[in-house]
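Right after this note come the structures.
The following pair of complexes shares a single chain, subunit A, combined with subunit B in the former and subunit C in the latter.
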Partner chain A sequence: MVIDTLKCVGCSDCVVACQTENDVPIGYCRDWIVESVNGSYPHVELELKSERCNHCDTAPCVRCCPTGASHIVDGGIVLVTGNDCIGCGACIESCPYDARYQHPDGYVDKCTFCHHRLKDGQLPACVSVCPTKCMYFGDLDNPNSEVSQLLKNRKHKTLAPEAGTNPHVFYLI
Partner chain B sequence: MTTSRRKFIKISALGIGGIAATTTALNMFGANSYLDELVRENVAKNLKRSATYCEVCFWKCAAWAYTTEEGEIKKIIGNDDDSHCYGRLCPRGTGGVGMYNDEDRLKTPLIRTTINGEETFREASWEEALDLIAEKFNGIKEKYGAESIGLLKHGAPGNHLEHLYKSFGSDTIGEPAYAQCRGPRETGFKSTFGSWVGSPEPTDIRDTKCLVLIGSHIGENMHNSQVQEMSEAIDNGATIITVDPRFSTAASKSQHWLPIKPGTDLALLLAWMNVLIEENLYDKEYIEKYAIGFNELKEHVSQFTPEWAYGITTIKPEEIRSTARAMAYASPAVIIHPGRHVVWYGDDTQRARAMAILNALLGSWGRRGGFYFKESLKIPEFPQPEYPHPKWGWKEIGAKYPLAEMGITTEIINASIPNEENKYPVKAWMVAGTNLTKSIPNKALLEKAIDALEFMVVLDTMPMDVTGYADVVLPECTYLERYDDIRSATNREPSIAVRIPAVEPKYNSKPAWWVAKEIGERMGVGTYFNYTDYKEVIEWQLEKLGTSLAEMEKIGVKNFPRKSRPLYLSENEDYRFPTASGKIELFSQEFKNLGFDPMPVFTKHPEPPQGYYRLNYGRAPMHTFSRTVNNPNLNDLKSENNLWVNPKVARILSLKTGQEVWLKNQDEILSDFPIKVRITERTGFDAVYMVHGFGHRNKKLSRANGKGINDTQLISHVAIDPIMGGTGMRGNFVTILTENPHKTI
Partner chain C sequence: MQEELFISGRDIPNIDPNLQIWHWPISVYLFVGGLAAGLLFFAAMVTIMGKADVYKAAVKNAVIIAPIALSLGLMALLYDLTHKIYFWKLYTTIRIESPMSWGAWVLMAITPLSFLWVFSYYSDMFSKFEGKFKLLEKFNFLATFENFLIKNRMNMAYALIPLSVVLGIYTGILLSAFNARPLWNNAILGPLFLTSGLSTAAAAIVIFAKTKKEKHFFSKIDIALIIIELGLITHMIMGYYAGTQVQLEAVQLLVGGDFTLMFFGFVVILGLIIPLLLEISEIIGYKIPTLIPALLVIMGGLVFRFVMVEAGQLTRYLY
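Up next is the complex of A and B:
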């Protein structure tokens, strides 16, 4: 996933769309908006971006899960098997992005990149609703895909690279 | 751990043709019981979709509401075919589900009563409530005339009630959307180009090379297609220039942010005109062919140099020059955006006119990347008798503002306060879809008027603060539960959309068309409501438009080809502007005849006294006015507003982020509730900022009650626009109190 911070207005449509698509209970979220302000008035910079699970290659949550509920499926998506989760919360602690929460039903929940929609040929709910079209989703292994091209041509960053997690969510800056 | 993503994309690529989730596909992802669950729950779920258009704000984006077999609304998604919203909703549209689900909704009619000397509401049947309204309205009609029954409204329910009012002979109708919002820009642009800007604004943002925003915060106001097109403009490398004392979201996307001193925009606009003319950068051919009054304008602005404006606006002369040149470079693909909520300082029509004149100098009206010629489809009128002709109405009530073209809500409020000299006394109100305590400034005046009314009805979906003043409260069902008028959108291409109920009305709520019809029949004007279900009206209209309800149920939206004229002016086209002269009027003879400045002039506005800060207010993208604050989905995103304070100001006042403070304005008005401080570099030293619409007082709004401050409560100083009656609200100043002023010792 690639998110263009130059276009994001921080409206939170991605957050509501995720909640209604994935039955995320009110008071919880799988994605959220971060606003960072730099400089001092009137020399100010503002960055708005939508954050979520980074679906890391080197995922600490998967490594520390005692039951194997947290796992990586083909395609690189990190998922949690609700039935296998004992709610110990180790993964929540281990995630440098604070991307996981304990569902009121006991298991740990987080962004799935709308795995169920992908299989249906649909984009993740957040990407499909974004009014600024600042979110892109596709195959990073394919050099011709839109996401690969964006990363090739535009300046970008990942979050907390020092954590060594090799995230799969990239931010154009 | 490295895993390949190749398999994954193959499947999603395959899926674009619309393949169903098959077992093979599932296996490719590996066995996953949780995923299976999800698939069962979501993908395989048999969701029914119904066509609708959104009513969470006024933009009216076409959408699909998805419901389960049990009749639960799961999600609302934009209609891909809609040329008005490009298939995408904003957060409020997506969160429209919460409007339906909100358990605090008005559930049944309520009638004011007195129990043990205390005024309260009791539940009533529709029969009783409607009988009472008809009886009271008929009584007032007999005693004072139908004209004395006023309607203050907003949105779709307002249209049905307007029909009711016109049927029984009242034109005493106003909506805050005019004199409390966009009225001045309509008059300002009309006096220049001959036509209103209208909604949505015919700004060709997607093709523009330069977008100039004067205090307009696109991105925080989620005017859907405008936001989408601004994003496209960013992709296309357009220059964005934002003039705003606050570092708005739009300012953060701009190449040029001009942090202007509040109240001085007109000086900047005049200086820009000066540069364009002095440096010969204006569109000479366009002005020569289409405009009159250029010589007068040239002479008028010759004194308003960037150096002159610097002292007033604090914007450096070289910045004024370089931004003017950037506009000229992009001309005619440049937009000086007319803005939307433009009632600021009382000279707002003149500021809007200055923006219109600047657009004219840049040749942007009727040009690609500037303003296009909009077009909409006229919806055929359902057969009905001719309306009676009231003796007076909104026009007479607002007569002292000669260029007002719609009812001025504040003047209708004034006319409701008993005064022997008033020839147009208003005695009863119906308030529909507008929460007056948050849309109308000067609460003391509003309460005085309400006190004097003989009867007041409020129709809403939610127990908004204004319902607390009513004699009868009527629960309207939400847009997801009713048929409504056909939406005819005004855009590059005309389009229509329908609203079909996704579910039955919840609780004992009813659609506004039904309420209007029932009251009409009880008042003896049933002939104007010649249908049993509004569906019949839509069916009749759709057939006339060459489609049918059955077709529209399937497609939701229908786009029509343009018929009026090309989108832009062609080269050397002999176009007659719809002004009196047929030309763009840089000098307005009409204004001069009426005693107003024929060309905009800068006037100084009051500044905050020592220890006070200008109260600046705006929008958050997830809320519409005050109406969405209790919506469970949207409240979850933002449940209260904050007071933005510059760090230097915070240091002087020893404020901390998150600290609760109260506000007192220049007229000693105290905020009901505290607000949490947010220390941020995004606001300057002489103003504080908050998002409008919070600080609800009705305890029945369980999530919104007591959260944050209602900015409107602190707006007691109103600067009225003498041209069209707009109520300038940006001239109020507040001081910050760290101790609770309401605490009794």
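Up next is the complex of A and C:
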């Protein structure tokens, strides 16, 4: 997933779309907006971005999970099997992005990149509703895909790369 | 410089203020796990050295704590799971890269072993109870079983040495494996928790010991362990200061932050330095009740687990 911080206006449409699509219980969220102001007046800079699970290549949550409930499926998406999860919280403690939460039913829940929609050839809910079209979703392994082209041509960053997780959500800056 | 940070969407009651998902049962478990590991280690060590007749508390009386502590610890662990009915999934897989997985398997092996160890001293320790209820006479197979255990005590001791060391180290590795929590993410936490667990166990044996010889022997072991522990804590703090930005921020919780009084006051001074001085003075010949330094060491070990679990969860990479 690629998110253009220059186009994001921080409207939280992606948050609401996710909560609706995935039946996220009230008081929880799988994605959220971060608004940060950097610099000292008068040289200040505002950055808006939508954050979620980074579906890391070397996912610490998958490494620490004692039962294998957290796993990586084909295509690199990190998922949690609710009925294999014992709710120990090891994955929550090991996620540098704090992207996971304990569902009121006990198991651990997080962004799935709307895996159920992808199977039908649809985009994740957050991407599909973004009014400024600041989010892009596609195959990073295909050099001709839109996301690969964006990363080739635009300056970008990932969050907390020093945590060694090889995140798969990229921010255009 | 960052002027302002505003996170919307996450500013909701069930996630951000409550990201601390490990509560007091985890600290309690890490403490009792370390204590039980230490007690079983000393019991096995004394038996292998052939000194079981000399250091009786170490092989018998104090070891009663181990199965009780492990059972309490397991209950505490289960209590803190949020998807409890699926806990058995832990034992459907072995995941080498997940410390919690092999910790669960070690517990599975060492907990029954600790019960068997105590049972092998049943007629020896509970002679009054046995005199009243005559369990061994009524149930013949129990007597046969006890004899079998007594014969295999040495084998149990050889199994307990590696298992107890792994259990003791595991309580620390469990935390250090989480790279998202900079306060925990250092390699010294394993040896440090092992040393602390052994030290609290030595203190517990001092409390249970009846002879002056045994008290002094385990006081001396405790003195050595406390000195090693102080060294490891120094290394841990130095490691943070030599670390990255996130570790520098993390160590501020312990040095000059919210946990300074708890860490330096209760763990380092009251839990290590004062009992160290008291134990040395007692051995030199000053009249000091051995109970006081022993209880201080045990208290320090417990507070140490609470400080590490609570403070660690406040440290993070982003925001």
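Here is the rule we use: the second predicted complex is superposed on the first by the 173 of 173 C-alpha atoms of A that agree within 3 Å, B and C clash if a C-alpha of one lies under 4 Å from a C-alpha of the other, contacts with A are read in each partner's own complex, and residues count from 1 in each chain.
Rule of thumb we're sticking to: a contact is a pair of C-beta atoms (placed from the backbone, for glycine too) under 8 Å apart; a residue touches a chain by one contact, two chains touch by 3 or more.
No experiment lies behind these values; they were computed from the predicted model shown.
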Touched partner set for A:V44, first subunit B, second subunit C, both or neither: both
Which of subunit B and subunit C A:N142 touches, first, second, both or neither: first
First (subunit B), second (subunit C), both or neither touched by A:G27: both
Which of subunit B and subunit C A:E162 touches, first, second, both or neither: second
Which superposed partner A:I173 touches (first subunit B, second subunit C, both, neither): neither
Partner chain(s) touched by A:G89 [first = subunit B, second = subunit C, both, neither]: second
Touched partner set for A:C65, first subunit B, second subunit C, both or neither: second
Touched partner set for A:S36, first subunit B, second subunit C, both or neither: second
Partner chain in contact with A:G10 - subunit B first, subunit C second, else both or neither: both
Interface residues of subunit A shared between complexes with subunit B and subunit C: 10, 12, 15, 27, 29, 37, 39-41, 44, 82-84
Contact set on subunit B toward subunit A in their complex: 1-9, 11-21, 25-26, 28-30, 32-35, 37-39, 41-43, 74-78, 88-91, 94-95, 97, 219-220, 222, 224, 227-228, 230-232, 234-235, 247, 249, 251-253, 257, 259, 621-622, 632-634, 636-637, 646-647, 680-685
Residues of subunit C that touch subunit A when the two form their complex: 1-10, 12-15, 19, 21-22, 80-84, 86-87, 89-90, 92-93, 95, 97-101, 104, 177-181, 244, 246, 313, 316-319
Parts of subunit A lying in touch with subunit C, wherever the complex brings them together: 10, 12, 15, 25, 27-29, 31-41, 44, 60, 63-69, 82-90, 92-98, 101-102, 105-107, 159-160, 162-164
Interface residues, subunit A side, partner subunit B - complex: 6-7, 9-13, 15-17, 19-23, 26-27, 29, 37, 39-42, 44-48, 57-59, 62, 72-77, 79-84, 112, 115-122, 128-134, 138-142, 145
